[in-house]
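Next up: the structures, one after another.
Look for chain A in each of the two complexes below; its partner is chain B in the first and chain C in the second.
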Partner chain A sequence: MNTHNSVSRLELVNITKQYPGCLANDNISITLMPGEIHALLGENGAGKSTLVKSIYGVVSPDKGDIIWDGREVSIKSPSIARDLGIGMVFQHFSLFETLTVCQNIELCLSKTQLVNIGDLASRITQLSEEYGLNVNPSRYVHSLSIGERQRVEIMRCLVQSVKLLILDEPTSVLTPQEVAGLFVVLRTLSNEGCSILFISHKLHEVTEICDKATILRGGKVVDTCVPNEETPASIAKMMVGDLAEQDAGYAKKEGTESVLCVSSLSLEPKQPFGTALKDITFDLKSGEILGIAGVAGNGQDELMAIISGEDERNIKSTLSLSKQDIGHLHAGERRKLGMAYVPEERLGRGAVPEMSLSENTLLTHSEGFIRNGLVDWQSIKDYTTTMIAKYKVKCHGEFSEAKSLSGGNLQKFIMGREIGQNPKVLICAHPTWGVDVGAALAIHQALLELRDQGAAILLISEDIDELFLLADRMSAICDGHLSPVVKTESTNIDQIGQWMAGTFIDNKSVSISNTTPAQKANS
Partner chain B sequence: MDSDLIVQILFAAIKTGTPLLFIALGEVICEKSGTLNLGQEGMMLMGAVVGFLAAYGTGSAGLGVLAAMLMGALMSMIFAVLVLHLGANQVATGLALTIFGTGLSAFIGSGVVGQTIQGFQPIAIPFLSDIPFLGRILFNHDILVYFSFVMTFALIYIVNKTRIGLILKAVGENPHAANAIGIKVLRVRYLAVMFGGIMAGVSGAYMSLVYTPMWVENMTAGRGWIALALVVFASWRVGRIMLGAYLFGLASIMHLVLQGLGWSISPNLLAMLPYVATVIVMVIISADRFKEKLLAPRSLGKPFDPRNMA
Partner chain C sequence: MIRIQARTEPSSLMKVASPLLAITLTLIFGCILFSAIGKSPTQALHVLLIAPLADSYNIGEMFVKMGPLLLCAVGLSLCYRANMWNIGAEGQLLAGALGGSAVALYFIDSESSFALPMTLLAGIISGMLWAAMPTFLKLKYNSNLILTTIMFNYIALYLLIWAVHGPLRDPEGFGFPESALFSDNTLLPVLFESSRIHLGIVFALISGVIGWFILSKTHLGFQIRVFGADEPAARYAGFSGKKLSWLVMLFAGALAGLAGVSETTGPIGQLVPNVSPGYGYSAIIVAYLGRLHPLGAILAAVFMAVLYMGGDLAQIEMGIPVAVVSMFQGVLLFFLLACDFFINNRLAFTNQATN
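On to the complex of A and B.
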């Protein structure tokens, strides 16, 4: 780290941003030195994203000053930020899938930059070797994995020789091995004097790589610290405010009899950018939680959709529930047989945004609340109200529209609704994604309770820590292949991490072609 | 069939396909930016009537085309302000624009129905028009047809080879990402919509100044809608639009040809050909969902509000 230079790279003074009904940033001040790797920590909704968007000119703050290399600047647009030397790697939506890597990078450069660089493709190749990014300029972005896309985004910043690189939760989509690779790149950059602002809520990563950390809560700076002098637990305490319950681990159980059996399931994707499922076989037993780890986009969505019946293709004789073939049944019929489903996407698939919570409850509970063809509104309202209370869903009442709830609260509602059906099998994606610590605990407990009552639970998540905490048996999915299923006690993060990267796929399938169906269609 | 007849058929197919080519070129640029303008028919009719009135009043067909372009631009700006600035629904607004244009053009053109003017005359391009066979098909047209050639090749170049083309695709695929890297999304979309309007105006002018040099109510006869299908048919590729436009042109004149050859099929049935072709093309294209999704601008029809980035 190079801090000999006394002039700070970036100084934020009293940044304030008010959104309707929410003070996102409240007098935030932060200083970054050249070469410093600075973590911005906080739970969802703490104001991290708003703050970095202010720095990058996507959001304009209501109040406060931004001082860049010792002089005050006004960053009104991303292009001004880029001219100053600020680069940002977004968490979502920032690459164009139908363009090549080279075209994507070209779009971010000004004409003078392009002239200075000369041949962009060879410059990309050169930087790619220098930093070990392994980015091929002529490939189309839609054919790249998530990790590769992220490296393209970093490349996009490198080409512009940035002085400050902002990374918004860069590791949430990477395998542990890819994270290690990313950290090597970040350290190299830092040694060259580039400052890095690193948003994360994975505490062990922050203690590993960051020089300093600023902790936000409710839009305010509540603390700063030097991460390698702290432990993840002590930082978590600062983030949450009170002592976060450290997950001591729950008792593991062994399932009894097989309930849901998937045998040799292979399926072409329905979507142009989907993943084909390749010969997937596993069985889910009653009274156990089976966790499937994997980086997003490796076939989880396709697997969930085909098991739940959302994907309506007939997969007769590959899927059975309680020894009954269900591959030809549609989603509603599968639900009647005792299957419940919590999709990843809460608004739109888990709940209808414009409908009230009661109406959303009715959608999956139609059996009990319909008499002589008419809806019994009174009992459904009562039921919903009880559920809201039980899962501490913050809302105005059962009449609230689903879209008016925050992500975490809606997740609690959907989990509660599905668990409330006492399902035989619960298929569940990312149960605590975007949920705060307290609510996550409640959801964990509800899942364990359901398991102890004898339900079979399939848990698909990107959060390895959570899977280790909850799952009784574990597996990983990579490029549509499912790894062996093992008992959680007999494996470790390292092994699962390698499986997530696909090391188990050796001779299992005849050929693992790198050509995705999307590429074929395009050529 | 002798070669003279073939030359005549192909010559007529190009002539008939030209208004489709113009309006579809405008629409494809508009759609590539992520904006779906269903007001093509209305803009085209307004272009036709204003172009005719201007040419009738001044005696200059050139001024007529210019007036039609301005009118098309004006109409498209009504659309742009509503959907881009105020975030109105693109489909509903586009339909309203078509209904508005149809009615208004009938109203302001009512005084000149049946009048005729001196339209553009064919210009044989020296040397090129002497090429056997091809010369007579391609290089013996009026100036607007040549203009459509130039526009097509210019657009192929711009869309595929230049930064402008990249920006256009980027805005149509992912306006949020485009905004984040500093592209002025709304400005790009305004310009693309305006280009669509101008081309619709030229297309209308072609109808009333060249194709049939007169004004008749609703004279575009659904060409604005066929153009929309054409864009999908061409899977948003400029080069294929030219091919598609001439194929549709050929389908439209088939009834005349077949009648000339003495086939005794009802002319009404044959006149349906281009419309039937449209339906069939749409069905075939939609059957291959996989491909359609890959080629269509990802954010087509979705509004973008730069203030709503959180």
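On to the complex of A and C.
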């Protein structure tokens, strides 16, 4: 890293952005040297996205200056940003699936850039070898895995000889092995003088790769640090203030009797691009947390929908709850038998955006609140108020609309609502996705408490660290196949990571088509 | 510079003010229009809006028109709350009129005290049947409810016209396309002497209260609201979308059918080709003007009924074409939807361009 005697690559001076009802950025100043890998940390809503969008010209700040290579610039649009040499990889990719890699990259280049490059395909191949990106320019994007697509996005920036690369939560969609590969690429770029601004929630990644970190809270810079001199715990403390408790080292437990049994469940996808479930068998015991790891789109949604009953197809005799067949029951009836469910989407599925928290309590928790078909609104309001207090949901009151809550607070509310029904079985999808550290801790503890009360919890998550932290037994899902289930103590990240990539499938089944699981998962 | 800015939360003031603002804008538009065709705007507005409430006869007629509007609008409010875009209240009303009239004619010489209840029941069932067919097509074949309900409106209309020209025509009616006059035994009782206000308005007001009760007090109403506001959440909670769709559609069909049979057994007293001056369509506007709230629909139905009355009076007294009523309704809906935009958005005034 070469930070001495050189002009800073990017300097932000007192950037301020006011949104209606929220000061997203409050006098933020950051300096980035050439070749520096700089982490931008903060809880949800701390203002990270707004800040990088200001740099990339998507958002125009109300106040403040942006100084690029020593001179002041005004970045009014992403194309100006790209001309300066700023590239950004968004959390949600912006690629056309029906076009090839080469065509996708061509789309975002200006005419002069195209003339300068000459043969784009060979340039891509050349860069691909140089950085070990392994991107084939003639492949169609729909046949690429998530990791490969991300590399196409990075390639798109490289082709434009990028000097600053902004990555918004780049590792949240990758397997551990793919993350390692990404870091190699980032280090190569950094050594060549490209600055990198890295937004992440995963603190151990930040300590591993970043040279410097800026921590935002409530739109302000609260701290800066050198991550490899810190521990994830100490950084977490800076992010949430002094409130963060230690969130590690929970005791593992062994389940007692089987509550939810899934046997030889095979199911064609309902949607044309869904994943078929293939011969899935497992049982979930009371008093344990069973974790299922996997990269998004490998059949998790389909599995949860069929277990919860949202997928209304009748699969009698492959699904049983406390030895009773439930395959033919609809979601409401399964809930009555003691099943609860925390879905991945909070707003729009787990909660109705325009309804109050009380009404959202009634959404799934109706027992005791309905008499002769009439709703006892007063009891619901009282109950909701106590629940808000118990789970420390930040809101104005039980009358607050669900959409007015932040993601983490809404998740705490939904967890509280589902746990409050004393479920025998809780299915929980990505419980802390996009949730800040403080809320994640509260959610973890709520889950463990429920387990200790004897409930069976099925935890589906893309966050492998979370699974190791919470799960008593673990498994992975890839292309609709479920790996063997093992005790968490007797496995490691490496093995689960390989299972996430589908290495267990070959021994288990022979009927795999010639596409790799990862490719299919993303079609 | 004026910019449009999303509000952080919906304005509760605008939710109430929007219909009033829309009515005001519609009246301003009316003034401009009347001036343009050389009529005095003040006189026109007086005839349209004040005269209908000026004497007891007119007020009575206003209630007569309000009945079917309100019955249809309450049913539609529930449908729209559940995201079921039923545009078929007109057809369901006509089906109710046709079915009810057939039974009323069957009882034409009967003294049975069951005659009127049976007639009303036939109207209700016919309306439900007319709502059931598009519902079935939607749920089974995923057909577009808006299109099928509109088509069913025309089918009902031509079926009714065929009936009054054929099987239900009065044999002693000199070939006019009308049924025989119903016997007193199958006519709805008149509430006040010397007016035409009949039992239909009571049905309508009761339906408004029932609709309100269902939506705000029952678990069923809650499920309807969730289903309409957020279908994935309803599925997640385990509410049966099919059941709710059937319920709201049959409820709306029953009310519209009751509106139809109440017209033929009420003020009209026989089956004629023009049973409805488009009540089923106007009820859509009533439902929206009432904020899809059954009690709000009562106020909106009063306004719409006044407008119907005023249209008739304006034609008689000022020679203004009766089409002005339809135009007023259309403009009103237009302004209402435009004003509703400001529930979730607002205008922001800035001194200079910021970009």
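What we mean here is this: the second predicted complex is superposed on the first by the 495 of 523 C-alpha atoms of A that agree within 3 Å, B and C clash if a C-alpha of one lies under 4 Å from a C-alpha of the other, contacts with A are read in each partner's own complex, and residues count from 1 in each chain.
Note that contacts are C-beta pairs under 8 Å (C-beta built on N, C-alpha and C of every residue); 3 or more make two chains touch, one makes a residue touch a chain.
This one's a predicted model, so the numbers in the text were calculated from it and none came from an experiment.
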Partner chain in contact with A:Glu153 - chain B first, chain C second, else both or neither: neither
Partner chain(s) touched by A:Pro78 [first = chain B, second = chain C, both, neither]: first
First (chain B), second (chain C), both or neither touched by A:Asp463: neither
Chain B versus chain C as contact partner of A:Glu97, first or second or both or neither: first
Contacts of A:Leu107 with chain B and chain C, given as first, second, both or neither: first
First (chain B), second (chain C), both or neither touched by A:Arg334: second
Touched partner set for A:Glu11, first chain B, second chain C, both or neither: neither
Which of chain B and chain C A:Leu363 touches, first, second, both or neither: second
Which of chain B and chain C A:Gly373 touches, first, second, both or neither: second
Complex contacts: residues of chain A adjacent to chain B: 19, 24, 49-50, 53, 56, 58-59, 77-79, 82, 88, 90, 93-99, 103, 106-108, 271-272, 517-518, 521-522
In the complex, chain A residues that touch chain C: 20-22, 60, 62, 76, 308-310, 330-335, 341, 343, 345, 348-355, 359, 362-364, 366, 370, 373-375, 401, 404
Residues on chain B engaged by chain A in the complex (per definition of touch): 163, 166-167, 169-170, 173-174, 176-183, 290-291, 293-294, 298, 309-310
Complex contacts: residues of chain C adjacent to chain A: 5-10, 217-220, 222, 225-226, 229-230, 232-233, 235-240, 354-355
